[in-house]
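By letter and in written order, the chains are A, B, C and D; residue numbering begins at 1 in each of them.
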């Protein structure tokens, strides 16, 4: 008997599975934060989570709404100043994985969180880069999680806020002291990895029940599929339970603070 | 009836008087530390004392033997890391006075604490610059206190560890973001100040009972005297009492830690 | 030495039209009360600096106080856009807003360099990003030892910095604790600084290496209980996450925003 | 994750002949026990790095472990010279000692830059000093924004850093408090690190912004009670200032030094 779950749950659970106990993860807010904490509450209890607000090795009981919620600080090993966070901990080489979300991603895994349209006359102004531009180059590798649609998966991003592999897939070649870049992208439909040679994002696994056509339809370029295409394992009951309890606790906590 | 006091006491008390309540003083160990704490215990109770070990606004009850004694930390407002001390507090422009000692000083108030003789074949190897090279340029002004002798007062220092006004008196001219440099030198014989035009150290006051000849004899260059030469006020009973009690407390404290 | 002033007096005396102003806080200890006082006093042509401009900057921008924003992430954390910021950038309402955009790493380093009295910050940053194409303040230098190409940005040295902190002692020394962000750097980097605090106490109760700003490094202190709400002050009150969510609807609509401003800043806040 | 090892094992496994080694501590928390273990194990050709080489470096140099010293102030604080250091520099005993000399500001910035993963540190330093004439690692760069001439030094990235701290928890997270010097920077800048601690506890008892080194940023931890004596560990024991004074006479004389070493390091220390 198979369990019922949403594609969003499938995404979070798959993203969580990418993290292992020995990783030190610099966590972006939103989907990455949900996945990272789910990992910590399931198979990777000792994964080290770091938020750019300065909280080192934090273990929040509910998901933070912002990157600097009190919960993150209260449950952290210690909290450092933000310049120290970016200088010593990120640039200093202590982060194994940067876990990012994005508004747009292109076939070379470049991320745009700056704007849609022209920089000086934006159609939509987005929040901006935040920590991502340097997380993407100073972390040893980068995981990305984002909902799959033609709006997000574009052939070329309008603006490279955060480099994946550049406009030609070669942006990291011969650059000293730079991480490997995006190694996996997890969506609500599938898992993508950069082709080892060209760095173009390629579908390596489809989530249960998802067809190639759905992925093609939701992607703004002629998406490639790996020769041997895996099927992502379905969520386990434990994963679903922990995720749902986490989200319930979180909703109750944030609602409970209304004046 | 005049009080009995030593020339060393005269020096410390005169040096202490140079500090005022509103100053933020970066304190060198040894004579400067003695003078700075004497100031704090007499006429300048609110003078802010800072030691390069990271102790901000410290109020030690006994003189520290080292620049990092526990007493300095325990009595400080807070203690910061040493990089922060040099970057934010000194280079950041928060220090009004750097108070330094030295092994050699020359007529342009350049200081040598590096070595006697040739750098690669030293006759005497001294401890080195420590904080002084940047204290002397980043503090708004510099006070120097040193025992007066031909060994210390030389025409040209063997090595400029810490700049006063350079070999020609012009080292600070047209240098941006640099303090005024040494504004007073207090010895056991007299007080010297740089000539406003040439920057050559000039005796502006003799301590009570000291003759010009004594100063000439103890100085390794043809020392100049100001046209109107003051006499330093003699120590007061309160100054002497506080200094002696401070030194007694200090001696008892440091001796008491023998195993 | 820091001077204890009312918030009204501190803002009136130390923040001038045309100033570069950093109101820092990384989600925690956002100086909302001070921001509202700036709006009430009708300050104009401010260049606002902040890594994470959030609701208080949205309010300042919507109220017409700002001509320029220097920032690295401008959103309502966990909720979405800052609609007043977007309206200013996209539609020039209530007036055009010039923006100068960095990454967090660069701004954090620029504050650090400002506190350190340096003219520039050096970092391994902006590799492959388009940001240097739209921000001419981002340059690249070559390391004289290794030849590595590194990014350089000007240090940040605001005319005035405003931060909120937990408490001051009677001498005007201030304790900041929890998520301390770049508050210390922002204060030390600025020509003048205003610190609002929850309370004044006899003893800060600071641990030995606590983040304490000495009185002589601060220009003015204003007591402002709950001065960081709807953000939070660790040890005093929690973040009102529900308000952050509600702000989305308020800020989406110019009229709703103006009504909110009238009621909650011009009328209600003026008496406090 | 940090591995708990005996001091003997930690030194044997992680410190190799020819390494660059930083044993930091600014008067406080000087890792004497680890230094003595290095002497006992007869490590050779070390490049010793430290802002304030004091007695433990005097001992390492006198025992013939070092070929080079990178430093900014080499004295017995409040007492006078380091006679073993002087004997090595002035008379090449027991062997020549190459020195590379900085100011404190430059070394502090170089450690900071090392922790920050940068190849260089930039500071407003060395103006008018002769030090750049004798240290070819000191260069000058021009600020691309202001044209100001600033000093640049290579960052410090030791092969191995050794520091002493108050305590570790059972997961290997370490608390350092009081005068923290450049210890955190030295550990983060190094390829490998050994931290000796007074004790291992269930709960560090650290305040919210305390200087804590996470287990995953440390290579090895060795429990070494009184491991910083005759320097001190805030909250544990005081500085034995009398010993620092006595050291002057011991170190002035080669024979006296060797007897002291034999008795206090090779014989006594070996059993502990």
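Some notes on this structure:
Operating definition for what follows: a residue touches a chain if its C-beta (ideal position, glycine included) is under 8 Å from a C-beta of that chain, and two chains touch if they have at least 3 such contacts.
The model shown is predicted, which means the values in this text are computed figures rather than measured ones.
For the pair subunit B and subunit D, chains touching both partners: C. One simple way to say how far apart two chains are is to compare their mean CA positions; for subunit C and subunit D this gives 39 Å. We define each chain's centre as the mean of its Cα atoms; on that basis subunit A and subunit B are separated by 57 Å.
Across the assembly, subunit D contributes residues 112, 117-118, 123-124, 148, 178, 180, 184-185, 208-211, 234 that each touch 2 or more other chains. Residues of subunit B found to touch two or more other chains are 73, 79, 87, 91, 138, 177.
Interchain contacts (touch definition given at top) occur between A-C, A-D, B-C, B-D, C-D. Considering their complex, residues 29-30, 52-55, 64-70, 72-74, 79, 81-83, 85-87, 90-91, 110, 114, 119, 122-134, 137-138, 159-163, 166, 171-172, 175-178, 253-255, 257-259 of subunit A touch subunit C. Those residues of subunit A that touch subunit D in the complex are listed here as 24, 48, 56-57, 73, 77-80, 87-88, 91-94, 138, 177.
Put simply, subunit C touches subunit A in their complex at residues 26-28, 51-52, 71-75, 77-79, 81-82, 85-86, 89-90, 101-106, 108-109, 111-112, 123-131, 134, 148, 178-182, 184-185, 211, 232, 234, 238-246. Those residues of subunit D that touch subunit C in the shared complex are 117-120, 122-124, 137, 139, 141, 143-146, 148, 150, 152, 154, 177-178, 180, 207-211, 234. The touching residues of subunit D, counted against subunit A in their complex, run 112, 115-118, 173, 184-185, 188-189, 206, 208-212, 214, 216-217.
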